[in-house]
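All remarks here apply to the structure that follows.
Chain nomenclature is as follows: A, B, C and D, assigned in order of appearance, with residue numbering initiated at 1 for each chain independently.
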Amino acid sequence: MAIKIGILGAASYVAGELIKILLLHPQTEITYLESETFAGQNITLAHSFLRGLCNLSCEKYNKDAVLSRCELLFICKSHGESMGYVVDLQDSNLRIVDLSADFRLKDAQIYQKWYGKNHLLPQALAHAVYGLAEINSGQIKQTSLIANPGCYPTSVILACAPLIQAGVVNSQAIAVNAFSGLSGAGKTPKAGFNLFIDAFANIKPYRAGAHAHQPEIEQELQNFSQQKVQVSFIPHIVPIERGIISNIVLNANRTLSNEQIAEIYQEFYAGQPFIQIYHPPQMPQISDVAGTNFCALGWYYDQRTNLLTVISMLDNVLKGAAGQAVQCMNIMYDFPQTLGLPWGKLL
Amino acid sequence: MAIKIGILGAASYVAGELIKILLLHPQTEITYLESETFAGQNITLAHSFLRGLCNLSCEKYNKDAVLSRCELLFICKSHGESMGYVVDLQDSNLRIVDLSADFRLKDAQIYQKWYGKNHLLPQALAHAVYGLAEINSGQIKQTSLIANPGCYPTSVILACAPLIQAGVVNSQAIAVNAFSGLSGAGKTPKAGFNLFIDAFANIKPYRAGAHAHQPEIEQELQNFSQQKVQVSFIPHIVPIERGIISNIVLNANRTLSNEQIAEIYQEFYAGQPFIQIYHPPQMPQISDVAGTNFCALGWYYDQRTNLLTVISMLDNVLKGAAGQAVQCMNIMYDFPQTLGLPWGKLL
Amino acid sequence: MAIKIGILGAASYVAGELIKILLLHPQTEITYLESETFAGQNITLAHSFLRGLCNLSCEKYNKDAVLSRCELLFICKSHGESMGYVVDLQDSNLRIVDLSADFRLKDAQIYQKWYGKNHLLPQALAHAVYGLAEINSGQIKQTSLIANPGCYPTSVILACAPLIQAGVVNSQAIAVNAFSGLSGAGKTPKAGFNLFIDAFANIKPYRAGAHAHQPEIEQELQNFSQQKVQVSFIPHIVPIERGIISNIVLNANRTLSNEQIAEIYQEFYAGQPFIQIYHPPQMPQISDVAGTNFCALGWYYDQRTNLLTVISMLDNVLKGAAGQAVQCMNIMYDFPQTLGLPWGKLL
Amino acid sequence: MAIKIGILGAASYVAGELIKILLLHPQTEITYLESETFAGQNITLAHSFLRGLCNLSCEKYNKDAVLSRCELLFICKSHGESMGYVVDLQDSNLRIVDLSADFRLKDAQIYQKWYGKNHLLPQALAHAVYGLAEINSGQIKQTSLIANPGCYPTSVILACAPLIQAGVVNSQAIAVNAFSGLSGAGKTPKAGFNLFIDAFANIKPYRAGAHAHQPEIEQELQNFSQQKVQVSFIPHIVPIERGIISNIVLNANRTLSNEQIAEIYQEFYAGQPFIQIYHPPQMPQISDVAGTNFCALGWYYDQRTNLLTVISMLDNVLKGAAGQAVQCMNIMYDFPQTLGLPWGKLL
């Protein structure tokens, strides 16, 4: 009865989280774990915290095995690599949630520009659904290919979409300074970047204006709002394991009040289980979203300057990756969105 | 021959740093350490890292002792408390560097509004000099009362002053999101704020639009530029001991280039030993300024949106407090600015 | 049908964890939350991570309310304070799990010596059961008053009991160096100890030979083994939020082998769901037990010196406090020990 | 007049520290920086904190350049690599301080066993001097080849030598649990070990009984004391950048007192500027030695068990590497030991 789940790239950081969630999810059974590096070995060698909890072995990739043993496949491969598997599996009725960036950008040329690779399946870009549950749940229900959103874009889009739709901010000059914990950098060493001695007690901006999440943010906000959106985007590394804070500076189009802003968010997110709205002077903090599937939104509006600064926080591994992927799965199968994600910060 | 130095509030976090610097400074001798709590006790009980380096005892406050034994007094008392000592010592030719906020704001009413206290010596506000060495060195040389700048204001003013003076940004709508390490919160416990378990692996905005460093930033930028300045200011706590990063979003008045921006900064700070300018795509990082007296400036200019984001970093305890205080002392006594501050990150 | 649960001291750090676990536990309902400080206020003011998850308000202590609304009471008050509530509630059939140290030591004089307070209910000490589930489950099932074990003692007793029972080590000269994260220090500020700036990037031994967990370890190992036990105990603070590592140096009575040691542990803990045994050269790490109810045991045996070093790790807040308390509750009510504690590191 | 200094392996973590110290040392001039990776590039590309402080470029290794431009060479290459350079430079009167392990072990077979490499210059092992200044200053003065001690061995030998010499402990069964910050692991990524996400909020024992610092400790304590020494050695990683704490459990040969122990240490280290002795119940903490060249020693003696636990702390990069190397240089050139190392924690 349980949904049979396969995971490609099972040794990756995000796959570890996905496995933990799926093991406790009442409607799923993990039937296939693929890892090139750990093929033939127990998954606990890749994720020692699964010791005593999961006894599955990893396998090499095998198309037949995937198709015969899985209903739903989560792909946790890196950008550029993921699409190859989708190509290989395209003539099947397998459902796929791709956690890479390969099917997020709708324009193969933009993909090529930002990721430096030719897209292998441009014809799929149009019908792949951007899996941001709070915005696209209708389409998520219908599709068999989900492009799971990026971590930074999730935090920024959820903060901006209601305001742009309400027409109260200038969508063409949005300044985002976003700060991510190191789990966002995955398990691959990058010189001077994600070693403990590089990141500890440090904060470091990187790839200002050159991070591929920028066109993703702009595309989705534009598609949603039908307005031109331009974002100046600077990501930073902060010395925590999990969590993103996006500080988003917007120019209000007219004088606002905190009550008006609160109303815009409350209406937009009415009934959404994973959005938490903080009213000034209350503000979220990372420790309350880390380990959860929440996105928490707070803001400060300065009446003198008409500057509205929205502060958006989430756990990059959960709401920004594995949690959101399960949320999408829940929607695809008509489960409650919170199934298996009771709230997050369980223990 | 050495300058005789007294320190009030010698047990405070910032005084500990000051003592370390002054012990190695070739032109100073510490002759008086005041601490109410540690009176009669060795200073190493307050600052265990001074063990084996400094054998002085703390004393209770005594006006005569200060006047007879000190030429220069650093006051490391909290806001509101500091001015009482200045009142007591005003009829003397003692030089004073006050590290509290008591003499920073020029208007006693604004002081009262933001600090909740009546000013005890409003007549001194006019001639107290705001000790930002890179801007006010001429006045610093002449005065006997220095208001040592706040940590956040130092980082923001140094980033903005050149741009406002050059007239290339809108000075009336500046958005600042600043992030400080916990040493900025000092040694006094604040519920839910500066315990290890509150701050570890956490990021937390606080007092958005309500932090007393906001009027300080506005006042000094206005005084300097003779233009109206308005800042939307949101401070945050980040889980590091030392360091501030201020992310400052400015709207450019016209299309700029990185070359023009670089030139503005380079001309403004020509010959300044403690300013480090990073050219895009290079950016500073906290680990390179922590433990130093540097202020490091980088930026990202987005031509599409005309948004200029300046990233300013410094060590809140050094360039943002004790280091700057010694820099002021060096100017007052016509020493090289770097004397006893060879660069900072020595060991 | 669910067990009605009350919690005294609901604003404490450990109570926050307990509430999280109990909210998801399928057989419990929280019916009473006591907090002096937060009486009349929502529990989310004490534990912001409960926002959106728990809407209960705190109340002042009221004996009638406890007795009429609760079947089981968890007391999360500090040492010395807790026993007063047990006195007040003694003539009832309420079940109590006391997370303080008040009923751990069986001898009121030893209690007085180490905690500096006269015991208010010495006659209860004999029948209070030390709630170490892996050792005392039979008694836990029968009692109505559980003394929930200390965090350090849990880690040390679980490591030593099998070896002492097997007679392979000298029980009279055990050296323990234990290292705890800061959550063990709770929410009360202690000067120079648990501020972020005190603990960050620091390791600090404290109260060597003078920590009240030492007699607790000795008492329980003696009671269990009927042998004399003497422990040299040095606790330390390490800059993490959760986790204890106890490094226990034992002198083997005779030449051992890793196989023999493994067998001793495996037999002793056969069927225990929360004990993880690591065979050399494998060793546990804190990140695999943090957020779980596991106790992980590894060791290194040096044949040349006959020194056996056992390394015991657990999460001080879970297996060392709230998790163990729920484990005891599960045993009292004949639930599977793992009910509501599926494994711990869920999200 | 200044000593001309060359550094091989200038891009390594420890070389960065060495450069910082030497730049401020009043008697040295850096004349040659070798780095394979950064040849032709400014040293600030390897060590960004040197920006504005050091403008030297790295060069490829060239024997003639070394011999013509340097009087003293610090080798910061990895174990196994270093000895090749010493072979190449042996027929010269260059003085060499080798920071690798290549000349620490006196027996080429033991070197081969623990480092897995044949020694290239076994005939030099006898006259290479183990550069532990507090023990071997006489020999350091005379030699032209110094084997700079390992970080763990420095902390353990300084703690044990006085006690073994005094004959008060059993030297044949010493249990050491040592904990090091991540700077000890250098800049080379090691899977599952020194990424931020591996080490953050984690503590992890590794290579118990299999770390090559164990024979180094035993050899030096034996050579010094002429007694058989056996150490059970377990290193751990702790989530800090700098600092080692070694917890050393010794069995006293007879009943001792804290006064006797204090006297043993005080006599042994009389006049030593970098040894700090803490009398019970005082204990050192990492934050007081990090950034300094100190080794701090505290202990707890349990009279009931006759167990003596010594706690030894130092900064692994300074007293455990670069600081000690400069201390050796000072001794070689008859400078005060503290020259250029005024105390360490300067800023």
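By our rule, a contact is a pair of C-beta atoms (placed from the backbone, for glycine too) under 8 Å apart; a residue touches a chain by one contact, two chains touch by 3 or more.
Just so you know, these numbers come straight off a predicted model, no measurement behind them.
Per the C-alpha superposition, chain B sits rotated 180 degrees relative to chain C, a value rounded to a multiple of 5. Of the chain pairs listed in C-D, B-C or A-C, the one whose interface repeats that of A-B (more than half of its contact pairs identical by residue number) is C-D. The greatest centre-to-centre distance from chain A, using averaged C-alpha positions, is reached by D.
Computed from the mean C-alpha positions, the centre of chain A lies at a distance of 45 Å from the centre of chain D. Separating the CA-averaged centres of chain B and chain D is a span of 37 Å.
Chain contacts: chain D has residues 201, 239-241, 285, 287 touching two or more partner chains. Listing the residues of chain B that touch chain D in their complex gives 17, 20-21, 24, 48-49, 51-53, 201, 276, 285, 287-288, 291-294, 318, 323, 341-347. Interface residues of chain A facing chain D in the complex, by the touch rule stated above, are 13, 182-183, 185, 187, 189, 194-201, 239-241.
Residues 172-175, 177, 179, 201-210, 230-232, 234, 236, 238-243, 245, 247, 249, 251, 280-281, 283, 285-287, 290, 298, 300, 302, 304-307, 309, 311, 313 of chain D are the ones that touch chain C when the two sit in their complex.
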